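Both complexes shown next keep chain A, but they swap its partner, so chain B is in the first and chain C is in the second.
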Partner chain A sequence: MIPPGSLALLAQGAAVSLLLAAAAIVGGTVLAIVLAAAAFSRIAAVRALYRVYVYIVRGTPLLVLALLLFYAMPALDLRTGPYIAGTLVLIIYTGALFAEVFRGGVLSIPRPQWESARSLGLPPVAMFRKIVAPLVTRYTLPPYVNVCVMTVKASSVLSIISVWELTLAAREIIERTFAVFTILGLAAAFYFVMCFGIDRLGRRVERRLALRGFAGERA
Partner chain B sequence: MIAIRGLRKAFGGLRVLQGVDLDIGDGEVVALIGRSGCGKTTLLRCINFLEEYDAGEIRLDNTPLWYREAPGGGRQRVSEAEARRQRQQMGIVFQQYNLFPHMTVLDNVLLGPRFSQRVSAVEADHLGRRLLARVGLEGKMSAYPAQLSGGQQQRVAIARALAMRPKVLLLDEITSALDPELVGEVEDVIRSLLSERIMMVIVTHALRFAREVAHRIAYLSDGAIVELGSPAEVLDRPKDPSLKEFLRHVR
Partner chain C sequence: MSFARWVSIYGSTYWTGLAWTAFIALWASFGAVVWGCVLLLIRLSAGRWGARGVDAYVQLFRNTPVLLPIYLIYFAFPMIGLPWPAVVCGGLALILQNGAYISEVLRGSVNAIDRVQFDAARSLGLAPWGTFRKVVLPQVLVYSLPALGNQVVLLLKDTSLLSAISITELTMQAKLLTEQTGAAYEAFIVVALLYLVLVSSTEVLFRVAHHAVRWR
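Up next is the complex of A and B:
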């Protein structure tokens, strides 16, 4: 029933999708840390810039953003091809989503925790490394994993700008074989397995980082 | 010593402190008592600048804290770095302990010396262990705060405050959140500190404890100190009518 050779092609496509998602997750996380810092800046203009960025990126379909960047880049004389443009657009997109996740995490740090840290006279770097980052990581892990899973699926949009990944691989095979439901079903299964894996990984990290001694430690 | 002069603080239109003057001598323990809302906790939080104040001055060993004179007149806040340095001279213990939940007991105690005062890892570790032994928790160093009883957490919080080798210890109703049977162990730790002659400002509702450990008691009402004296003077021979009323209700 499965057209010969199509499984290997789909697996290759899935590997590219996973790579795109991984690059977007790493790049987006770094971008989001900078963005979240901007969200809490003392300078009002910086906070406003943050809001503008998040509103624009979150308020625009990824598909439109991808097309925009793909066509804009040659005009800007950046001959980078679809892979760079695709990765960039995913980073821009996930960066905004992660930034809001992190911002929520910082807002969840109870005021007494800030006061304890301040009363110890902790310098800003130690404050971030020892208090803010560990607490925000723990608070935001479930929504963070949520965005990671979404990123894997969102990478399928890049097929529109000719990034060869799982969805484009599936479409190519379908054009040759007309096995629409088999191939799309298989592609969906590949996506599911990747997302499921990320979910499980997230759970494991969650358990490892769980604050000790609280009820619901094993939730 | 600490000298507080003319301290004023308002939250919006609510005037919480209306000109507080108070001196705390070296090695002196002063208890702040009064009805809830009288401003005693706000006063304590102003001392280590968790609250900004609108007017007045706080000096520690004759050095003004938190604000300095602005070039064009008036006052301005000291830099963040300077505020951090000044804070390191004071330890505060909160009603709700406020330990860092993601760190072991030992790491909670080490944090200040290690990262604020840049003490070496070995030395900080040593100091942390000694202080935890001192509050009777040498067996709990690698436990996490949520694994401890309230009394144990509060003893860790005291060790954490002491780890900065502060000149002043600020205690904000440190036994109010505890089950009655756990109050004694925390009070014992404070008693054991009396021989160190460290300055202490204690906000408390436990008048029995205030009488026992404080050299002087200040009664606050409507944001001002209306009576100040030895425990016997304030608790046994009160002059102010509102203090008499307060003591009748508390007993």
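Up next is the complex of A and C:
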């Protein structure tokens, strides 16, 4: 039923997909922290820049961004192949999504928290460490996990710019063996396990972080 | 080549791509909303097993990338004797995927309906189907308009993936132009701008619609 050797190839592809997603999640989170800081900047131009960035990245398909970067890379004389372009575009993409998640989290910190922090005279660093960070991580965990799942799925788009990962592996096997249902079913199973796993993992972390009587209360 | 010169020479070649993208996005969005309503109806009326089936369906499509159903329908339908055009296959895949998300959106809005209305519907003698069509559905669609708008925008952006099954929509058009002229920047920046325009106008449209029906 299953074409010989295809299961191993698909598993390899899944590993590459997961690696791409992991790189994008780590890179995107770092980028998003910078972006979210820009969103709350005192300088209006920086805030505007943030809005433009998010508007462009969320308003254009990932594939268009990927192709733009893929074709632009050789033009910039960076002979790096599709992997760098692919990872980069995923980071740019998830960075915008994570940044919006973080921004929403900061905005949903109840006003009394800010006021009491200020009235205690907490310096900015302590305010971030003791008030903002603990609250934002708890508020944003569910949407953050959603974006992580989206990132795994979005990595499939990179197959079109010839990044060899799960979807491209599946496509290659199908073109050789014509076992459309089997191979796509298996690929779907791999994706499902990865995405569902991330979702479950997120829920576990959520439960662990939950503070009794507080984490559920939002402004 | 300067940007203005590029647009003056190749601008007109984008029209077909734009038309295809808009056409597919339009009918697929419509189909996805209808399919989402059907899934909601199954969930609400077909008992425990109906709800479980819809749940499994939603989970499956939530946790797999949309490229898989696109490839599945495109490659598999000719094998089972349904040689449909790529546009239909691609649109169908988008409908299956986005319908799953939309049914979840609509389900969220069902909870916003006051329980009293169900009692009122029953006391008026409305059958379950009548209750769904005349009481539940109109309110649910109005409540979910903003979320539906988001989903339609996602669908619109996902139409770009149909370039992988050789539909000459905007993204494919840009790819072809790039191969012809070697000017990737120009070709893709125009396409990116066109997507931005499409996405923004969709968002405005849904906002206007939301304001128009909010106070009924």
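Observations on the model:
To be clear about the criterion, the second predicted complex is superposed on the first by the 212 of 219 C-alpha atoms of A that agree within 3 Å, B and C clash if a C-alpha of one lies under 4 Å from a C-alpha of the other, contacts with A are read in each partner's own complex, and residues count from 1 in each chain.
The rule is simple: a residue touches a chain if its C-beta (ideal position, glycine included) is under 8 Å from a C-beta of that chain, and two chains touch if they have at least 3 such contacts.
The shown structure was predicted, so the numbers you read here are calculated from the model rather than taken from an experiment.
If you put the two complexes together on chain A, you find that chain B and chain C both fit without a clash. By the touch criterion defined above, A:Ile56 lies against chain C but remains apart from chain B after alignment on the C-alpha atoms of chain A. Of the two partner chains placed by the overlay, only chain C lies in contact with A:Leu184; chain B stays clear of it. Of the two partner chains, neither chain B nor chain C is touched by A:Ala48.
Of the two partner chains placed by the overlay, only chain B lies in contact with A:Arg138; chain C stays clear of it. For the combined arrangement built by superposing the two complexes, chain A sits at the apex of an angle of 110 degrees to chain B and chain C, based on C-alpha centres and given in steps of 10. After overlaying the two complexes on the shared chain, residue contacts for A:Gly121 are found with chain B alone; chain C is out of touch.
When chain A is checked against chain B and against chain C, the one touching more of its residues turns out to be C. Taking every C-alpha atom of chain B against every C-alpha atom of chain C, the smallest gap after superposition is 28 Å. Chain A has no residue lying at the interface with chain B in one structure and with chain C in the other. Only residues 48, 50, 81, 83-88, 90-92, 94, 96, 98-103, 111-112, 115-116, 143-148, 160, 164 of chain B touch chain A when the two sit together in their complex. Chain A contributes residues 112-113, 115-123, 126, 130-131, 134-135, 138, 211-214 to its touches with chain B in the complex. By the touch rule above, chain C contacts chain A in their complex via residues 59-60, 62-68, 71-72, 75-76, 79, 157-161, 163-164, 171, 174-175, 178, 184-185, 188-189, 191-192, 195-196, 199-200.
Chain A meets chain C in the complex at residues 55-56, 58-65, 67-68, 71-72, 75, 149, 152-157, 159-160, 167, 170-171, 174, 178, 180-181, 184, 187-188, 191-192, 195-196, 199.
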